[in-house]
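Structure provided below as structure tokens; questions to follow.
Each chain gets a letter, A, B and C, in the order it is written, and its residues are counted from 1.
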Amino acid sequence: MGHHLATFIRWLIVPVALIGIAAALYWLCRWIGWKKKQAMGLALVSPWIVGFLIFTLYPLGNSLYLSFTESSIFGKTEWVGLDNYIKLFTLDIEFWPSVRITLLYALFSLPIGVIGALLVAMLLNNQIKGIGTFRTIYFLPAVLPEVAVALLWRWMFNSESGILTWLLSPILSLFGLDKPNWFGDPRFILPAFIIMSVWGIFGTNTVVFLAGLQGVPRSLYEAAEIDGANGFRKFLHITVPQISPVILLQVVMGMIGALQIFTIAMFVRPSTAAGKFMNQLVYERGFTQMHMGEASAIAWVLFLIILALTLLVFRSSPAWVHYETDMKR
Amino acid sequence: MAVDSAVSLMHNVFVMMTTALQNKHCQFVMLVVVIVGIRLTTLDMGVMRLMSKRFSVLASLLLVIALVLSACGGSKSNDNGGGNAGSSNGGASSGNASDNGGGSSGGSAGKVQIRLSTWAGADEAKELQAILDELNAKSDVYEIIQDSNPAEYDTRMITQLSGNSGPDLFWVSAQRAAQFAAGGVMLDITDRLANSSHPAADTNDYYESSFGPFTHDGKIYGLPWLQQPVMMYVNKSLFDEAGLSYPDESWTWDDFIAAAKKLTKDANGKRADEAGFDPNNTVQWGFTLNGWPPVQMFIWQNGGEVITEDGKSPIDSAEAMEALNFYADLVQGPLVPSQSIIRDRGFDQMFRNGQVAMFMGGAADDLDRTVPDVQAFMVPAGPDGTHVTFADILGMGINAKTKNPDAAFQAFLDLTDAIHHWKIMPPRKSLADLATLQELHPDKAHSLEAIIASMQYGRPYRYSEKYPDWDNIFWTQLMDPIINAGARPDDLVPKVKPLLEDALK
Amino acid sequence: MAQGFAAARSYLGTRRMNAIKKTLIYIIVTFLAVVILIPFFWMLSTALQQEGDIFAWPPKWIPDPPQWRNFADAWTAMPFTRYLGNTIFVVALGITAELASATLVAYGFARFRFPGSDFIFLVLLATMMLPFHVTLIPTFLIWQHFGLTGEFDPLVLRAWTAWGPFYIFLLRQFFLTIPKELDDAAEIDGANTFQTFFLIMLPQIRPALLAVAIFAFRGYWNDFLGPLIYLTDMDLYTMNVGMYFFMGGVNEAPQWNYLMAMSIVIALPVVLLFFAAQRYFIEGITFTGLKD
């Protein structure tokens, strides 16, 4: 009980301190000549900045530093400069297959995830009877603990009695493949993971899109109907632009999530012939083989890949993302 | 460094606040003040009133429920008064050595609190707690508190040990022990052991091979509490049905294969050594293999080595190649289920369901006491009669940064000895007495003779700091392709051997 | 295609078109719902199995006899009542702080331009991009420096600093869908920043706000690695961590029936919460005044 109380009291003190810092920042900014709006902006964002400076900056910097060293966490840390990176790109036999399989996985699972979630959300955006129950059912996949999900997939991919094999075997036998060894045969590992990503359509992604769709004013649709627009045109010219900020969110988050796939891969433990996912590689190099330097290097490569792709998406966003600055019709 | 000073400022503020809050009276006063404060400020904010009132009522209600539940939910262990581990007063600044000086001290009645981290699951944790209760009752120096969870043990351990607030004692696998010993994570106990007259401190009493992973540069950093030789579990009724006699010490690879053939049946009842046997329709297999048992065992049985003392990997020697091919033939052949079936139905599950007749598992596995008519025998010997089996070793170490090395060491020895009397098999020759063990473990009594006999042939891997790197290559570049992709050793070994030797440099 | 549609509509009459549309939607939604539910039935089935039957071959779909007592047995096998209390504690503190701070920070990003705001937002996104394993140990060391490892603090204090970048990103995007005219009108009416925030901005994105509340609840409720690393006292474990005790050990197989039973129990509160809240995802937030 003492632990709870102590934590609770410290928990009450933290916001007070943060408000104090925010106020101080506000007055500081005003003092150096910032406008009211600017100073308020910084003040509002300051709690995050404080958290970042204390808890994120050091680990970020530390991991970047480690990526230039040979470090075994407990033992000596010695500076090796770019050696880790060079060895990674030229000598490491696991690196490139890992990059390949990670990128391929993201490439296929992202569109499936975003489009799938949007379509499902549109389905759920109807006022039919019992929609509440349906929406809850569609959210269920998000509440499962990871161990249950992994076991679930093992059961579903069962090559004899698994639902997926049963569903897909007519298609597969067309290609002459019978009873695929989903996690053992290198050819099937990527398809298996992509199928597993379909599960991610349900749960939070659908709910986010649903929230977005709910925010689109009815009046827009009504006006369009009066003008004679059919379903598809309404979708393209009203729905998509209206929820485009949400689409951007889902694309970026989906990309970050897909490229960082880890937990399910660790549970399922597929054959590594096709390569390990990059996040897996980071964990193994760092915690199993105790080469924190290498692990950090791989992590930063992954970071840069994600950053580059995200910037790309953001750069393209003015072309298709529509923020409500004014309501011209 | 501005960041450093900012951090220490916040740190000191926290410490000030938490030490002030040690006093229970002070805590309650503050709590009341704060809650009243919240109510007052929210009453002020106009429209906000409705939202925040409901909110703060809800929040306070939840908190009260939480506090009540956690206080009344029953403690994890003993019910005697001082059972609340990490007592509220000592809890807050326990991590900072420079402050109160005492890390895990300040428990009940002057005994030093020793934190023990383990990977025990629900049942094991309960059994362990019973042992700890006994030890704690007998000792007036230490009190061992258990901190167990089988999830992500390595991640948890490495993270907690990286700082100054890790556990005092922790369980460690042989592979990790070698890494930790080399990294200076575990306390050097060479001298302490030499000066101790405790039965568990007698290094001569331990099997040689069990010590290896815990030594580094001639110094000892931990003690093993278990050495598990791999045994061959046999489904006796399937043997009877096939008219086979049970394995004995004279069994070699040939006898093993011959038996496996007789024990592999198809849906029509045809055995693998009969004409007309249909390998696509097997309902019962003689053996099962998925990377376990490790191929190293077979290589050793044939007189080969995978890692030599001078850091070479002679997997291309004639003996090693023979064993590798033997293994590849076995896993790719009809006597063993396909990898996809093993994944589907469960590796050990198939043995439990009677679909597999012979299974190689650790001596402490529960197969011979939960499955009817199963007994453990020695694994077959190599072609020229060499007996050797893989021995998995588990042990315990003391945190090099522990704040109470003497108390920890005492607890360490007592606990190690207690575990030796709890699990199969203790790595000590003096405890390898058949009669005593049969009394201690009646449900495994029928297998114990073979287990004890296997102890002297047990061998662990040649662990070292570089071992995980070597193992990663050995598995991903050699064994995984053989097992999952039908590759042949002859093609892979020439490419893999230089990679392996590189990893050991 | 458009003509065909229009032709069909005029032929069948709009009412019947709508009826067909509705039926079609019903069919698809039901089909997918069944697909989603199958794994959950299997989970329930496993939870009700006896020890020996879990992986029987051929698999037994309906456990016979169903062991409802598995739920009680699993609950009492470890002190889950206490773990429940701990979990509620962490969640209550966590989501309160998280919601308060994330909404304000997102508001700041969405509506206020200040020098460096774009850069800071990018940095915020970037914090999600580094694989978490490499920041695990340094973060732990920071908490250790404060002397707070072994306590609940690492799990709940950071919530005040709007810890989850995802929530900030999501709320910001939703704030950006609100037309600026509303802000301007409020300003003209003399509202200050916080009044605008509470009276205009928050109500406008109620669906998103609810979504974030539920996600945050789920996040803290299901948080596993955090409690595993920072909570060393077995009395302080949360339910998710406690559940892993059923994973067995070196020589024991996991107790899948207890695992599934506890998974179901742990998932229930989140599901119920969602079911209650989704009613408030009411269609068509109408607001009067500005438009037209």
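The rule is short, and it goes like this: a contact is a pair of C-beta atoms (placed from the backbone, for glycine too) under 8 Å apart; a residue touches a chain by one contact, two chains touch by 3 or more.
All of these numbers come straight from a predicted model, not from anything done at the bench.
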{"item": "Between the pairs B-C and A-C, the one where more C-beta pairs touch", "value": "A-C"}
{"item": "Per Cα centroids, the chain farthest from chain A", "value": "B"}
{"item": "Chain centre separation (chain B, chain C; CA means) in Å", "value": "33"}
{"item": "Distance from chain C to chain A - Cα centre to Cα centre, in angstrom", "value": "14"}
{"item": "Interface hub residues of chain B, defined as touching at least two other chains", "value": "7, 10, 14, 18, 63, 66-67, 70-71, 84, 86, 91-92, 155, 158, 162"}
{"item": "Residues of chain A whose C-beta touches two or more other chains", "value": "3-4, 6, 8, 10, 54, 58, 73, 161, 287"}
{"item": "For chain C, residues that touch 2 or more chains besides their own", "value": "86, 89, 93, 133, 137, 142, 151, 224, 233, 244, 247"}
{"item": "Chain C to chain B touching residues, read off their complex", "value": "52, 55-57, 77-86, 88-89, 92-93, 96, 133, 136-137, 140-142, 144-151, 198-199, 224-225, 228-229, 232-235, 237, 241, 244-255, 258"}
{"item": "Interfacial residue positions of chain A with respect to chain B in the complex", "value": "1-6, 8-10, 12-13, 53-54, 57-58, 72-75, 93-94, 154, 158-162, 179-186, 271-273, 284, 287-291"}
{"item": "Chain B residues within the chain A interface of the complex", "value": "3, 6-7, 10, 14, 17-18, 21, 24, 27, 30-31, 34, 63, 66-67, 70-71, 84, 86-89, 91-92, 154-155, 158, 161-162, 179-180, 182-185, 338-341, 343-344, 465, 468-469, 472, 475-477, 480-481, 484-485, 499"}
{"item": "List of chain A residues in touch with chain C within their complex", "value": "3-4, 6-8, 10-11, 14-15, 18, 29, 34, 37-45, 47-52, 54-56, 58-60, 62-63, 66, 73, 120, 123-128, 132-148, 151-152, 155-156, 161, 163, 202, 204, 207-208, 210-212, 214-215, 217-219, 230-233, 242-243, 245-246, 248-249, 252-253, 256, 260, 262, 278-279, 282-283, 286-287, 292, 295-296, 299-300, 302-303, 306-307, 310, 323-327"}
{"item": "Chain C residues touching chain A - in the complex, by the definition given at the top", "value": "1-2, 5-6, 22, 25-26, 28-30, 32-33, 36-40, 42-43, 46, 58-59, 86, 89, 93, 97, 100-101, 104-105, 107-109, 111-115, 117, 120, 123-131, 133-135, 137-139, 142, 151-153, 156-158, 160-163, 166, 168-170, 173-174, 176-181, 193, 204-205, 207-208, 210-211, 214-215, 218, 222, 224, 233, 236, 240, 243-244, 247, 256, 259-260, 263, 266-267, 270-271, 274-275, 278-279, 281-287, 290-292"}
